[in-house]
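Both complexes below contain chain A, partnered by chain B and then by chain C.
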Partner chain A sequence: MPRAAFLDLARPSRRHWLGNLLLAPAVLLIGLIIVYPLFVSVDLSFQNVNIARLDQARRPFTTANYERLFASEDFWNACWVTFKLVIIVSTGCFLLGMATALLVNNRFKGQALARLLVALPWAVPEVIAVVIFAWLFDSSFGLMNWIFIKLGLVDTTINWFSSPSASFAVVCVVMIWKGYPFVSIMLLAGLQSIPEDFYNAARVDGASAWQRLLNITIPSLMPVLGVTLVLVMLWVFRDFSIIYVLTGGGPLKATQSLSIMTYEQAFGFFKMGYASAIGVITLIVCIIASRLMIARAPDTM
Partner chain B sequence: MFLSAAAVALALTAGFASSTALAQGKVLKFVSWQKDERGVGDWWGSVIKEFEATHPGVKIEWTKVERGAYADTMTTLFAGGKPPDIVHLASFEFQKFADNGWLEPLDGYIKDAKLDMKGWAGQDTCVFNKQIVCTMMLYFGYFLAYNEEMLRKEGLEVPKNYAEFLVAARKLTKDLNGDGIIDQFGTGHETKGGGGQYMSEMMNYTLDAGGRWSNDAGKVTIDTPEMVEGLSRWKTIVKDSLTPRDLAAGEVRQMFADGKIALKTDGPWLWPIIQKGKAKDQIKLAMSPFSPPVGGSSNVLGIASDIPKDNKKLVWDFIQIATSDKFQSSYATLGASPPPSPRADVSAASKETPHFDLLVQATKAAADAKVDRIPKGLELVFNEFAKMVMEESQRMIIQDLDPKIVAATMQRKAEALQKQ
Partner chain C sequence: MKRSRLDSVLLYATAILTCALLVFPIYWLVVTALSEPDQLRQLPPKFWPDQPRWGVFAQILAERPILQWLGNSALAAIGAVTLSMTVSVLAGYSLSRFKVRGGQSLGLFILTAKMLPATLLVIPLFGIFRQLELIGSLWSIILAHATLIIPFTTWMLKGYFDTIPRELEQAAMVDGCSPLGAMVRVILPVSAPGLAATALYGFVLSWSDYAYARTFLTNAQTNWTANLGITTMKGEYVSNWSDISAASILVALPILLIYLFLERYLVGGLTAGSDK
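== the complex of A and B ==
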């Protein structure tokens, strides 16, 4: 076969080659930056290794990291904290996001400004937002304590970050504040895709606003709600910076999620093998959760 | 002085001549968190300048990494097989690197260069598995900084022991406008953030009560009456809100400098912050009321074991410059801090910095009492140990636990960490 004909990618039998060739850099890149580190991480989780080094010989295979992990109170505590965060923050984000989306979907004077304000927390860099909240909730000189005392709700300052329940509540508040605009924007886009005719027909049939919400708005939003729910839950599941900057996982591990625990074991205690095991478990939980939710989303239509 | 400096420069130049010939066009990597620090950063700059002047053709690539991300960055560099040639680490984190065999033993270099490290403050910390793997670059002692005007208003003398300190701290903690919020605190400690700093703050009280985390043989000694007393003192200070809560060290220092805290024990780095604060003219310094004062090693310099032999020789030349009498003397002047070398001439620093003699006295008191933040026998698990101490202390305060029970729990957990 002549060489030129072999390389002729315009030939119908060679066209798929061109497609593969064009996809190759992306596949290679994904392999390098996602698959390879993932493989290394899984491999490390089965080795008793403190500070990992890529050019060193592989240590013997062991399941000790997983055995230690499942026997560790800290791990189950981190799972419980993460679970609570996912439920509370996702619910909060959805309620607030839905409410604000419905609000700014209406036509009123200042609608554009309202939309901007709703989206603003999403635009503020996470670390800056957290530092601002840290000062708002500062135990000695924070605005929240001042407001609570002025309103007569408390007679002495609350040590927000010294109390396990208070610090958990502060973390939830900050995560909801930071996360609800995403839900709001997604739902607003969904709301705007619902034909106005549906509502007009319902009004003619005498449906109340509540009935229109339950029977038209929410069912029409279900595909968007499903995807948004998965994305928000995954964001809460893996979020690191809000908790790390605000509480560092404390006090008494009250805010130590799986991501904080992974970081602490890897870069605080230099236990890369153990940290990898936590990372692998987190990944498995995320895959199962997202698979379940994405698979269910279309059925709800 | 001039003659001795010139002699040192000549000796260093002669010593470096052979390695210079081999090192044309080389670049040595040096990563540090102190690059932009006023004083100390300038000093490192002067060491680099001297090195490059005495090693033509060799450049030092000096990169700054923030302290908060430093351990992560260094771990990543070493793990990726691309360590910096000149290794700069905090004294509480180098052990993990040494344990992996990533730091070159320096015994041979020290012996060949006849470097006299006798009396070098904190140098014992650099001995790992019976080998010297680094040179100590800073050992500090805490002093007391106080707001003279606040003390005068209350008719208080400068406290000289814990009892007087507690009385003063109580009197100086005040709600000035009656709104239910404390506006002025007796003292200030970091109670948020890393375990290492939390432990250092507690040590003001535990050391004064005679307690130590471990003894010279590395045996954990937390469950002792002295430590129980120290923990009780810490509980009193924090639980009675004599210190603002949940603030990081930098925030507490700024509050003190701005006149919202009356008494603060701290190291030499507090002085530049005071100079920029609103209460600058009201603040005076004295010896710490706690005996021995908190002290400790701060940062170390070493050679990466994985770099080419020629580079190792050049890094050792760099270390020799940094540890030379000339540069240890200039460290005192530029860094406004006592250098670890006992041979450093600090007369110029004493003239320039009014409280320099006090810093020297505080450092000496801490060094004589062999105080260090890193407990013997717990070096390799220091971060975990410090975290455990912080959490159990927080539990003691939050759940109002008996310090005796807390000391027993800490003892048990520390022993378990040692056996890991």
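== the complex of A and C ==
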């Protein structure tokens, strides 16, 4: 076989060398702007520092940040807020994403347009999504209050951003709206890889639409579903812009997730060491979650 | 299989209703921008302004430094994408074609880096950039955005290169190309659509960032990116939703256009490296 001969003759040594050479710039850059900062972060979390001045002498090693963190009510509140957000928003994104994917997977006139529209919020920057919903939920002239009153759900206008539960709900609505298209796009890709024959065979056997969904569609989507779920949960877990611009973590810390708390401690109170400790905890959660994802998708590599 | 008439009607009704509901917030943004500010305070609300003020875009561009903010966003995104694409084309090709020692673990690390919270990296980067005196300069944003983009583009490109048969560059090498020449002259041109789609994704990531811009660029308004500028408008002009909406449309427009262009590649791109 000429190709095998070619490979044997010219490549092995040079191949290795070239592969490394091509990777070098990426390794160097990732080392400088991701790995090194991560080490700095872990290092800061074990020092009692207020302002990150890397040119100053290193403070002595201490676990005080972590001790304070685990004893702090705010930290456990942020964990609880983050947990609620992850559960509610991921579920919402999933239901809506699944429903829209199934919908636009049908063949109908205008299907291409429907597919385009359903995924459109994906293309709206998070900050702009916040502007849109902040206005929709405006307490005096927002459309939402008007609709709620028209529908007879409430009799006076709600001040969405001063009630803890209402602002938490608005944060969830914005995140679901911004996040569901991703689920929809991923699941649509999964749906389109299911052979049509499966459905035809099931129809011949007299399976109802519901049975086809439960016995063909959902099982075939399982691998995509798993990966998508982890990706969405991670996105909710670490999202910063939506909450920060919409509520700033308030009122009464009702929307203060771990990301918001990290940022507030670092750039609101300049407690860089303490903030880094929260960051390191979130990093550990992210690593565990991404490992879970890789375990679910063994062919990722 | 033919659908029954009732099923068809139901399907169309559901499709139209769903699209209308989900796209409504974007429609409302447009209506708000085109309405006179005092019209917005009338109840019942008008679902289309009597006299759309199309001039609002020109007016807002004249009143506020939005063009400058958009320019900053564009410069940051172009810089970050250029930097990221340069290193990740090489790395993606290497990960796809060569069995490099440590390549597997590097790939895993990159995948993990895709999931890092911005609020974690923003603290050490702030310290590093301060020492390098990059705070307030677009260079800080270019480097910070590269941390968002590189993990993403490297995976997408590796996935893309995997779909191109190796025989292509092997044939070129038989014809006398060097391995690097084969990559540059044969593989890169063939990958042009994938490269373009990946670069545009990188652009979207950079354009949408808020956290890094908020932290590194706060010193002078002239350095702000568009997203940062919009949030300051939201803070200061609580009542003028028309102007904020008009500015928001200008900021979202580039991404919406990219989305319309990319929609076909969206599926392949987003799923690359995660569910293959």
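Please note the rule applied: the second predicted complex is superposed on the first by the 279 of 301 C-alpha atoms of A that agree within 3 Å, B and C clash if a C-alpha of one lies under 4 Å from a C-alpha of the other, contacts with A are read in each partner's own complex, and residues count from 1 in each chain.
By definition in this document, a contact is a pair of C-beta atoms (placed from the backbone, for glycine too) under 8 Å apart; a residue touches a chain by one contact, two chains touch by 3 or more.
Since we're looking at a predicted model, the values are computed, not measured.
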Chain A superposed: clash or fit between chain B and chain C? clash
When the two structures are overlaid on chain A, which partner does A:Leu213 contact: first (chain B), second (chain C), both, or neither? neither
Kindly classify A:Ile87 by the partners it touches after superposition: chain B alone (first), chain C alone (second), both, or neither? neither
Go through the superposed model and pick first if A:Gly19 touches only chain B, second if only chain C, both, or neither. second
Return the chain, chain B or chain C, that is in touch with more residues of chain A. C
Under the stated touch criterion, which partner chain does A:Ala189 make contact with: chain B (first), chain C (second), both, or neither? second
Counting only touches as set out at the top, which of chain B and chain C does A:Thr282 meet: first, second, both, neither? second
Thinking of the overlay built on chain A, is A:Leu95 touched by chain B (first), by chain C (second), by both, or by neither? neither
Under the stated touch criterion, which partner chain does A:Ala201 make contact with: chain B (first), chain C (second), both, or neither? neither
Please indicate which partner A:Val27 is in contact with in the superposed arrangement: first for chain B, second for chain C, both, or neither. second
Check whether A:Asp138 is in contact with chain B, with chain C, with both or with neither, and answer first, second, both or neither. both
After superposition on chain A, the stretch of chain B among 1-9, 73-81, 127-135 or 181-189 that runs into chain C is 73-81
What part of chain A is shared between its chain B contacts and its chain C contacts? 52-55, 138, 140-141, 146, 267, 272
For the chain B and chain A complex, residues of the former touching the latter: 71-72, 75, 78-81, 96-97, 99-100, 179-182, 185, 191-194, 244-247, 381, 383-384, 387, 390-391, 394-395, 397-398
In their shared complex, chain B is touched by residues of chain A numbered 50-55, 138-141, 145-146, 149-150, 155-157, 159-164, 248, 250-253, 264, 267-270, 272
Sort out for me which residues of chain C touch chain A in the complex. 1, 8, 11-12, 14-15, 18-19, 22-23, 25-26, 28-29, 32, 40-41, 43-45, 83, 86-88, 90-91, 93-95, 97-101, 103-104, 106-128, 130-131, 143-144, 146-147, 150, 154, 170, 173-174, 179-180, 204, 207-208, 210-211, 214-215, 227, 230-231, 234, 241, 244-245, 248, 251-252, 255-256, 258-260, 263, 266-268, 270-271, 273-276
Show me the residue ranges of chain A that touch chain C in the complex, using the header's touch definition. 3, 6, 10, 14-16, 18-20, 22-23, 25-27, 29-30, 33-34, 36-38, 40-41, 44, 52-55, 99-100, 103-104, 106, 108, 110, 114-136, 138, 140-141, 143, 146, 177, 182, 185-186, 188-190, 200, 203, 223-224, 227-228, 231, 234, 237-238, 240-241, 244-245, 259-260, 262-263, 266-267, 272, 275-276, 279-280, 282-283, 286-287, 289-290, 293-294, 297, 299-301
